[in-house]
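One chain, chain A, appears in both complexes that follow, with chain B as partner in the first and chain C in the second.
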Partner chain A sequence: MSGLELTADTPVAGRRAERHMPGEEGVWVFILGDMTVFALFFAVFAWYRGVDPALFTASQQTLNAGYGLFNTCLLLTSSWFVVLAMNAARRHLNNQAALLLVLAFLCGLGFSLVKFLEYGEKIAAGLVPTTNNFYMFYYILTGLHFVHVVIGMVVVLFMAHRARRGIRGGGDMSFLEGGASYWHMVDLLWIVLFPLIYLMK
Partner chain B sequence: MNKKAQLVCLWSAALMGLLVTIGWWPVAGFVPPPPPSWSAAETAAFFAANTNGIRTGLLLMLAGVGFFIPFIALISMQMRRMEHTPPVLAYTQLLGGSMSVMIILVPIMLWTTAAFRPERVDVEITQMLNDAAWLIVAMTFAPGIMQNLSIGLAVLWDKGAKRVFPRWVAYVNFWMALGFLPAGLMTYFKTGPFAWNGILAFWLPLVAFAIWFNVMFIALQKAIKEQQEA
Partner chain C sequence: MGQVIRHYTTWIWLLLVALTTMSWELGDGQAASALAPTLAAPLLMLVAFFKVRLVGLHFMELRTAPLPLRLLFEAWVVVACGAILVIYLQ
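Up next, the complex of A and B:
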């Protein structure tokens, strides 16, 4: 996979510009496109909630907000590790950057384990996507977000690999920034998703 | 000559878009889709009411979808120009695109079969043909995703001084790959946003496809022009 070189047009020297957009512009096309799709999902959820608020509130109470909160902390922590890793990478502290990215990956892994635990509990209690509209959205929204987490974990591992090798050019830094932006988006989506599904009264 | 041939391939896709849209939408009346929640009798009545419109619309779609094939070949041709990009991606795109054509052709013929004997008493046969057709055309996301991923990876790999496609085209393809995913959920639902007539399983992928199609069209148009100038 070492052939997959992600280069960017901006050289390292240009990075001191006052308004620097992290990563390449294409990453932002993806992030904005993806957030638009999620916004649509959230809007449809809110609309269905409005149709039957009693059912949604009753079903919501069976969720364990503790899991959700714990996962929020995990993702926030992993985002923080990524920020620290970016700072380390900029200062050419390669091993430190790689280690921080591996920690971010482990947070993602923790998130996944909690998700499996949570899904398992719900399924064991007979609460499945076809139970009612609330559970349909619960599984699909968190499931789609989980797909993003898994993709992000792979990206973060690639970033760790790249960081350990050291930043050699604008392309390396751009790849790290793009990956970091994606990981922050995954975090941000969860921060909207968590209150929407677990807490909104 | 090469440029002319490529432009023919490019514009053939516009013809595809035109014929498929006209056939599917106003002529056959398949948009918005007949709901999966309909009973067998309602579905059969739908085919009996507008039989000739459906037959003609499907015929237009059948004629139109063939024009997608040169467009897919054109994408692979341009992918082969990319420097350092493994050629196998161009072939993956070609196969993914061909399969996408197949999953449009098969439903067209299933609907045509349903509309062939609209007087049949056994309405459940019509319902099953219609179910199969909708599920194949709207749910089969696998070839499309492979097509998008191969294009996206190829664009990121391209190291030429003059890139064939701008890099953001890669990310539009990755986004499209994710946009296909909700379609897989229609196997579970007969009503709601994830049914085959739902906003998230049908309209979202359809709009995403329209955006992808236009992005690829413009990127290819530019690539052909730049290839000629080089």
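Up next, the complex of A and C:
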């Protein structure tokens, strides 16, 4: 397994014998750690919901699930652009890879704009973190996730810059793979947050 | 661009968007009243974690990653989804 070195040209749909780590090990320690922290938050949210289901359901009705749906689709599309960018980078289509990463960044920007609009509406309606337990969790969970989105957007821009320059060594590919994995994690966490906060009654 | 888009992950993306829209219908749209909340909520979570696995295996390339990494991810899916369901159904 370790004897086979993968190059940037190796197709991803590899055989079992050619297992490949997408990005540096350190990146994955960080990603799995982050995912574990979020899993704890999911469980704590579910627990508090169980303490007062009526309050949580009533508060959930005041959210606009349409925003959540739109934002989920934006992140899914953004992730897909990153996957395509990796395909392009592996084929040394540098400009296409960079363009796709810029598109992924723009999806992140769209997500941020919707988030600001949503927070603005809620605050204007007097729904703030101190309103009740539901809103406290709503702001903590979506806020913490939003910090990850902003960091991810910066990472994606760096990736676009690196992809445009072209992959010159294994380090370049590893950087792109690590960044891509982080951005997919941001998407993955929102996939759980959307039904948990906006939909589950 | 064609050869880049003509990749199986494009179908995965379409499936993810379709499942998201269906979940929204089930939780907030026309179909919301068709199913009891005690049935809809666990279904929404199972669909969400199915989507998580699609992203993990096909977008994050864990399908072809070293086995320990793949197993850590699978374990996270089982524990996170299981914990939410157990707490919810109590």
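By our rule, the second predicted complex is superposed on the first by the 184 of 201 C-alpha atoms of A that agree within 3 Å, B and C clash if a C-alpha of one lies under 4 Å from a C-alpha of the other, contacts with A are read in each partner's own complex, and residues count from 1 in each chain.
Here is the rule we use: a residue touches a chain if its C-beta (ideal position, glycine included) is under 8 Å from a C-beta of that chain, and two chains touch if they have at least 3 such contacts.
Because the structure is predicted, anything quoted here is derived from the model rather than measured.
For chain A, the partner that touches more of its residues is C, with chain B and chain C as the two candidates. After overlaying the two complexes on the shared chain, residue contacts for A:58 are found with neither chain B nor chain C. Using the contact criterion defined above for the overlaid structures, shared-chain residue A:41 touches chain B, although it does not reach chain C. Of the two partner chains placed around the shared chain by superposition, chain B is the only one that A:133 touches, whereas chain C remains out of contact.
Of the two partner chains placed by superposition, only chain B is touched by A:30; chain C is not.
Contact with neither chain B nor chain C is seen for A:113 once the two complexes are overlaid on the shared chain.
The touching residues of chain C, when paired with chain A in their complex, are 1, 3-5, 7-10, 12-13, 16-17, 20-21, 23-24, 26-28, 37, 40-41, 44-45, 47-49, 51-52, 55-56, 58-62, 64-67, 69, 72-73, 76, 79-80, 83-84, 87-88, 90. Considering their complex, residues 1, 12-14, 18-22, 28, 32, 35-36, 39, 42-43, 46-47, 49-50, 65-66, 68-69, 72-73, 76-77, 79-80, 82-84, 87-88, 91, 93, 96, 100, 177, 180-181, 184-185, 187-188, 191-192, 194-196, 198-201 of chain A touch chain C. Within the complex formed with chain A, the residues of chain B that make contact are 84, 86, 153, 156-157, 159, 166-172, 174-175, 178-179, 181-182, 185, 188-189, 192-194, 199-200, 204, 208. Listed in rising order, the residues of chain A touching chain B in the complex are 3-8, 24-27, 29-30, 33-34, 37, 40-41, 44, 48, 129-130, 133, 136, 140, 144, 147.
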